[in-house]
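First comes the structure, then the notes that go with it.
A, B, C and D label the chains in the order they appear, each numbered from 1.
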Amino acid sequence: MENDYCLQYREGPANISRMSSNRVEAFSDGVLAIIITIMVLELKVPHEASLEALANLVPVFSSYVLSFLYVGIYWNNHHHLFHSTKQVSAGILWANLHLLFWLSLFPFFTAWMGENHLAPVPTAAYGVVLLMAAVAYYILQLAIIAHQGPKSLLATALGSDWKGKLSPLGYISGILLAFVSPWISGALYAFMAAIWLIPDRRISRVLERDEK
Amino acid sequence: MENDYCLQYREGPANISRMSSNRVEAFSDGVLAIIITIMVLELKVPHEASLEALANLVPVFSSYVLSFLYVGIYWNNHHHLFHSTKQVSAGILWANLHLLFWLSLFPFFTAWMGENHLAPVPTAAYGVVLLMAAVAYYILQLAIIAHQGPKSLLATALGSDWKGKLSPLGYISGILLAFVSPWISGALYAFMAAIWLIPDRRISRVLERDEK
Amino acid sequence: MENDYCLQYREGPANISRMSSNRVEAFSDGVLAIIITIMVLELKVPHEASLEALANLVPVFSSYVLSFLYVGIYWNNHHHLFHSTKQVSAGILWANLHLLFWLSLFPFFTAWMGENHLAPVPTAAYGVVLLMAAVAYYILQLAIIAHQGPKSLLATALGSDWKGKLSPLGYISGILLAFVSPWISGALYAFMAAIWLIPDRRISRVLERDEK
Amino acid sequence: MENDYCLQYREGPANISRMSSNRVEAFSDGVLAIIITIMVLELKVPHEASLEALANLVPVFSSYVLSFLYVGIYWNNHHHLFHSTKQVSAGILWANLHLLFWLSLFPFFTAWMGENHLAPVPTAAYGVVLLMAAVAYYILQLAIIAHQGPKSLLATALGSDWKGKLSPLGYISGILLAFVSPWISGALYAFMAAIWLIPDRRISRVLERDEK
């Protein structure tokens, strides 16, 4: 197997219409790097120079940490996903932009939830954005599998996607429970992040088995 | 055809004055990634934690979605354009910066239109920016064709550029209709985005025919 | 001459301490892309939806256009500069960060000058930042020439650097004239940008002569 | 030793689960470029057009310069660190995100310290963030050494890491002294930056010795 990035040029004009996954990854990297960083701009600098001023920011900071983790997790999984993808179709491209759209809403909803100290509506709304990002990620997986065929490595590797199936349930529970106790929702969102923190070894497992 | 990026180095000092298109694409990618992401900073986090607060943001959100789509479309088409371009002239470079300039105004005019709930003047102004970006894109195409010659692949591929010709008409209609009913303008802008969502297959079609 | 990027890896551990210029260019590209884009965040969205509201922003917009041009010019020249540079020393690295520092102040001083409708002090301050960026660029050139030796291509190419010598004079005049008439300073800054808009052909000319 | 980036593709599917360090560096570069640039957004443009208005900003500007230097230093050392790393484990990846997290708090705490003219609590808080970033960098080094083995080049090179050992002491002193005189803390933070400004030659020294 050859370097796809070089191939792209060596093959010449015929491949003008095809876009290599490198390009999409670089653009997604850029967007994710910006999302993860500009969230900090929503942390409004307090006018007082006291520890109390900082203590008041604890919910805002906690939301920031949570969203930082989620964007980190998406960045991580996004790469594992695209590592098994050499060329992208228009469908994959737009599925990817769809995912980036929902992730781009993280700074707004993180700030809304944090500034309102986990009030019910913002906490539920944050869960909706988490849910939509998870749905968008799922659609992106389907688009890649559709492009590669059902027997692709990715399709096999994702066979037992228990995390991907559990996550939406967790987010939906969080959305509903926000109207009972938003703190439970917050804990649930944090827990769902924790189970994703362990990087996705599904793909590597299948491949290692394959190599034997 | 060889990898231009590698050539750039293999040829040695003689190519110092030439800039490969990779560099321009990377910089444009960076700017587009930032534009698409910082628009979200114009979504001001409401102080109330109610659904009504969120409902009030519907026009702002809709503007955001529309602009996100437009930047996504420009990113997509930009790459298709530069994929057929190996080396860039000073003219191409400045034509590209000119396009990025108009795209950089999207966050401002998106926010102005959204916050004023599609009032006539901001809605017309948004259309002007869409129009100017389309004009800048057209100039960029001309600059690339001028560099490659009239018989270039790009020139052939763009022969029947009905989308490129229809878009300015759509934007001009939107600008004028904003003073009758800005909502028609909004719908028109959304419709023009929709016809661009289908990625540009003109170039690929010509090339595929060529290969036969 | 071989692909430096590949060399970097093929040579193995011995090159750990050397940093290829690609890396520095990529980081600089990122910073310049962000500077050129976040300046738009300083354009505060007016609350009124009238043409007058937009007309009031003309000085702010003009400053934005001017600074956009300057960052575009620096990006352009920066690449011409680094194209002739394969490996960077610590000195080059810090000279480059020093240049980026002054460029990073563009958004602040652009906004200050624009919002105060070219009042004397902000207009002079803007000139100081332009001057410091030009000085930083000059230091960067010296650092690169010091690394490559006085007979390097760059040193030869820059022999008759009339633009580089004229610019500081223009900025200093602008700074002083700001206290007489800031509009003359503004026109002078715009004029200095205009003479830089023509890309730097010095390096290419020398090289083309060399090849004959 | 071969180009890892090329290997990644040539080896084919088997390497899906491994992430090359290039990717991590590119993402970190993006985040660092954004952090170093958006800090300038915390410099609030004054409404008055006088020199006094600018003079009032001296503490804010000084904080900005200090943080700019620190992010520059981290960017510099980060590359020296990853240059000796070809492939990254999940541990390295999360240790890297952990470092980026603390660096992402720089803009907030820089602004808080600057706007309060180095009041005790914000100055101490700034020191805590410097300390945590240093700790995160140390953990990242451990994660890389754990991945490469105790006899790796990096482990040898870092043997006499006096700067890495001195820095936390300096930051802790700064945190405590902030309650006595925050200006001493500020001077101490600036001094710690100064000793890091000299790029990390430890790794290169060991390697050069190795080559002989």
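Keep in mind that, in the parts below, contacts are C-beta pairs under 8 Å (C-beta built on N, C-alpha and C of every residue); 3 or more make two chains touch, one makes a residue touch a chain.
All figures in this text were calculated on a predicted structure; none of them were measured in a lab.
Fewest steps needed to get from chain A to chain C, stepping only to touching chains, is 2. The set of chains in contact with chain A as well as chain D is empty.
Comparing the residue numbers each copy contributes, chain B and chain C share less than half of them at their mutual interface.
Rotating chain A by 90 degrees superposes its CA atoms on those of chain B, with the angle stated to the nearest 5. Here the spacing of chain C and chain D, counted between their Cα centres, is 25 Å. Chain B and chain D have Cα centroids separated by 36 Å. For chain C, residues that reach two or more other chains under the stated contact definition are 6, 26, 30, 34, 38, 41. In terms of inter-chain touching, the protein chains here make up one closed cycle, each touching precisely two others. Which chains touch which is summed up as A-B, A-D, B-C, C-D.
Those residues of chain C whose C-beta lies close enough to touch chain B in the complex are 1-6, 25-26, 29-30, 32-34, 36-38, 40-41, 43, 45-47, 49-51, 54, 65, 68, 72, 75-76, 79-80, 83-84, 153, 197-199, 201, 203-204, 207-208, 210-211. Those residues of chain C that touch chain D in the shared complex are 6, 9-19, 23, 26-27, 30-31, 34-35, 38, 41-42, 90, 93-94, 97, 100-101, 104-105, 107-108, 111-112, 115-116, 119-122, 125.
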